[in-house]
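Notes to accompany the following structure.
Chain IDs A, B, C and D follow the sequence of writing; residue 1 opens each chain.
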Amino acid sequence: MVLGGTMGLHLAVRIAKLMNIELGDIEVKKFPDGETYIRVKSNVEGKNVIYINSLQRNPNDQVIETIYTLETLRDLGAEKVIAIIPYMAYARQDDRFNPGEAISIRILGKLFRSIKVDRIYTIDMHLHRIRDPREVFGEGFRNLTAVKELAKYVKKHYNLENTVVIGPDEESEQWAKIMAEELGVDFGVLEKRRITAEQVTIEAKGVNVKERDVVIVDDIISTGGTIEAAVKALGNLGARNIIVTCAHPLLVGNALPRLLKLNIVDLIGTDTVLSPISKVSVAPVLVEALKKDLKT
Amino acid sequence: MVLGGTMGLHLAVRIAKLMNIELGDIEVKKFPDGETYIRVKSNVEGKNVIYINSLQRNPNDQVIETIYTLETLRDLGAEKVIAIIPYMAYARQDDRFNPGEAISIRILGKLFRSIKVDRIYTIDMHLHRIRDPREVFGEGFRNLTAVKELAKYVKKHYNLENTVVIGPDEESEQWAKIMAEELGVDFGVLEKRRITAEQVTIEAKGVNVKERDVVIVDDIISTGGTIEAAVKALGNLGARNIIVTCAHPLLVGNALPRLLKLNIVDLIGTDTVLSPISKVSVAPVLVEALKKDLKT
Amino acid sequence: MVLGGTMGLHLAVRIAKLMNIELGDIEVKKFPDGETYIRVKSNVEGKNVIYINSLQRNPNDQVIETIYTLETLRDLGAEKVIAIIPYMAYARQDDRFNPGEAISIRILGKLFRSIKVDRIYTIDMHLHRIRDPREVFGEGFRNLTAVKELAKYVKKHYNLENTVVIGPDEESEQWAKIMAEELGVDFGVLEKRRITAEQVTIEAKGVNVKERDVVIVDDIISTGGTIEAAVKALGNLGARNIIVTCAHPLLVGNALPRLLKLNIVDLIGTDTVLSPISKVSVAPVLVEALKKDLKT
Amino acid sequence: MVLGGTMGLHLAVRIAKLMNIELGDIEVKKFPDGETYIRVKSNVEGKNVIYINSLQRNPNDQVIETIYTLETLRDLGAEKVIAIIPYMAYARQDDRFNPGEAISIRILGKLFRSIKVDRIYTIDMHLHRIRDPREVFGEGFRNLTAVKELAKYVKKHYNLENTVVIGPDEESEQWAKIMAEELGVDFGVLEKRRITAEQVTIEAKGVNVKERDVVIVDDIISTGGTIEAAVKALGNLGARNIIVTCAHPLLVGNALPRLLKLNIVDLIGTDTVLSPISKVSVAPVLVEALKKDLKT
């Protein structure tokens, strides 16, 4: 059986259809005093249960809803509990950048470990300073990627004859590499280079973008600042048509109009977080992983 | 050192003054994507630290802020960490009233147990179906009462010559008893009695209210419905002047105007939750417990 | 010059590109006490100015932002002020359905009339009980339709050989008619018919849907209830592939997963309100009307 | 009849009791799409109606609720409509401080003028750059003061033998003057004086504060910054016991703990805005004005 939380129900529906399994029912509401009420309405006793929820738009509400639901599923006698967190909140606070800061993702991981789930899947989690996320989230943790699905969409809709893939900064190299392999093209990343104390240039490392079409790929688009800088730099470097892709289109505040102003051909995200650019579903990625998992 | 979260800073200030100890500083903000950022700005290494936060107005935000801060205090090397949660959210969801419901308070307790604090104090927690809260929150849990402070306020401002204390339902008997002892008067509770299938009367059990002044005491005023019914019933039973007191004045929605409409003399709550009727501070109760604790 | 409010900036960007006109800049922020601050940063003196804002997600915030900005544009000396409100809030409260109710749309119209704009455009406004909206909004009011753009999208992506258009209730007949004309197919509406006191059937009026593909069209999808009932009824009547279209995809609460559960082929809305199904832009409709208007 | 909006119901209740008039009933709710629904449940036809609402906590929601309700009262045949807006939002944006800014209070005034009410009362409105508010709000506008009620409270609870009144800046002189007259003591205001380019001192103008008790009075406490600076300056100038009073205790964010940290004796606001320091009701001020008004 597959169940969805407030920010995961759309994916639960899609997975239930793709796997031809039962879609269960959970009642979630807020009391007037702001407390979350959860009731699992389907009978889960003795069943393998998949629960999906993204930790967005109000991440704290979603953390509580997710942890309360997962614990309740176990408490109600579910046999195996698989948690899918397509978008994991707090992943960027993965170190103490300034003295005294909470390393939020480690604490969130601890909360997840305190309730016992058999698997935690997530998608393209931003994990740059944590070597082994299983230390944080437990042995059942798996970080899947949506980049192949993004690549399929790009392949289907665009001619890739003269195309390269670009990650907007060094941290995005991992995703640029996967995208490039899927598309069968070269890739590189953008890099800042300081010329003088005042002057900084951005260069494409590992690939020439001049007079070539570019597919940008990143994990998260939040305020859109990184992408805006990348598109402008690529324009200066002589790139032609630019397509922007990302796994998690958070699109905070004015990010969408900010990106729409740019000279780009398409703007593509997935449905880990529902948005006006969620053109690609991660359901097939999740189904593939689930099938492998449930076989064993 | 004493530190306050968003909903506990006012009490941290009061406790720092009463105990003449340092008031520490925490930076709390929300990122545009809704994530909470926490930074403990004071040096807590090797110190005994008291952290105060009530799990209100947005209880989920406060749960995350509280747990993240407590874990960070420990992580930063605090010697002893004492958590004061003057108002504990989710306490009323302490059983599975309908099949499939989350027993939220047990899960919240589990989250608190997963981070290791030395003490958790709370005030007049609504715990009717949980025999030993230490099973839920760990060995360091203590449930204090604000009712004596409420009683002091009533004593100071009103003539109690012909007064009785009333709990608005059976669950509030524990608080009525403490209040009555402090005031040196009798007490009782209101009880519904079914006359016929359609007819219900409310009676005062254990005490006569006719032509007497009444002090009502309850743990929480949420929507105000219970108090409204109690005041009307007491009026019908011939009570004279009525004073309403409670520990936690949540005052959800229109609760305050609803109560102001009633024929009552005063409406008194504490500052576990800041409200327009928070006339009594729980700081002295907390200081008394802390002093006992820090001595040992 | 074209300017966008918080919920219209994406359309302002699109219109600026399509018309090749300047995109102006407005600063909008909220003070800590909740007041909206507005500053028109572009010089609008003596210019014809187009301002776009949809009265969604927090309609009251958007009403204030819109009215404050429009009045300020006039105050700053703009020559002609054209307001585009792609989604007009409060349109469904267009009558006193119960004694004492506010007829909200008439009051909102009055507020718009009190500030003097030259034109107010909106899209597929739900106006069933108001004969002449110019009485409500003033002489400059125009109600445009996005249904032709929806039709173009359907035509481009689907084979319409054996297709009919259906409005889910009688009020949607106007949109069904336009869609059918554009697609060159027949249309009808669904109608409830009471068989006995308990039994109600839904019938397709004006067209036979058995073994035919169906394009549903409505103005607003709010909770998704109307569409859900329509899709189920059409299934019972023997319809084959069903495509759902609407102008304004509000998609309140769980509307999207609710619709995703249904057996439908596609779900298509416009960008009057940004949503995960906003696949069609109303920018061309607006540009066409603006061009006609600015010529005269 | 007196009616209250969401942020005025507590005052409506108080006024109904003081004037011994009927308290009417309005249903206010939010639809899931964020629109406000209003229904006047009492029969107001042919009656003189008083409606009270403060434009706080979410001022935009309250502006819409207030204007929709007032227009509906008129529409339902109320004879005379008196609007009481104890706290008027947007009063501080009463000029164009930077090019392009909305002069929000003038626009809000225009909206109020577009609906026709017989009177608009407000309390201690911050109007420093608008000579005649009746130009903005119409002929029926009256700006009342709560300072006399604050003075009564101070007089009743404190010994004023060696006391002076201080306004924290020049704009608050008007309130300091009223307070001083009521208390029968001297008054002054604090003033910044620049010593050198870097150095600024704050001086008490018009009165000596050394070794005297001080009552500070201001119209609004928002973030608490002005009061904090004033209390510190008064401390440096040798003041002894300090009492802080204000009409509108907005207490945004951490304002309350910020003030509690200071070395002050009491912190007193009114109930124009409900807050934990709303110890004084403006109901008597309103009743006095209403009685005068209804007589004529």
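We adopt the following convention: a contact is a pair of C-beta atoms (placed from the backbone, for glycine too) under 8 Å apart; a residue touches a chain by one contact, two chains touch by 3 or more.
This one's a predicted model, so the numbers in the text were calculated from it and none came from an experiment.
Chemist: What's the minimum number of touch steps needed to get from chain A to chain C?
Modeler: The fewest touching-chain steps linking chain A to chain C number 1.
Chemist: Just curious, how far off is chain D from chain A if you go by their C-alpha centres, in Å?
Modeler: The answer is 48 Å.
Chemist: Using the average of all C-alpha atoms in each chain as its centre, how far is it in Å between chain B and chain D?
Modeler: Inter-chain centre distance comes to 31 Å.
Chemist: How big is the gap, in whole Å, between where the Cα atoms of chain A centre and where those of chain B centre?
Modeler: Taking the average C-alpha coordinate of chain A and of chain B, the gap between them is 40 Å.
Chemist: For chain D, give me the residues that contact two or more of the other chains.
Modeler: Residues: none.
Chemist: If you go through all the chains, which pairs of them touch?
Modeler: Taking the chains two at a time, the touching pairs are A-B, A-C, B-D, C-D.
Chemist: Quick check: in the complex, which residue numbers of chain D touch chain C?
Modeler: 32-42, 56-61, 63-64, 67-69, 71-72, 75-76, 89-90, 93, 98, 100-104, 107, 110-111, 113-115, 222-223, 250, 252-253
Chemist: Quick check on the complex: what are the chain D residues that touch chain B?
Modeler: Those in contact with chain B are residues 4, 6, 9-10, 12-14, 23, 254, 256-257, 260-261, 271, 274-276, 278.
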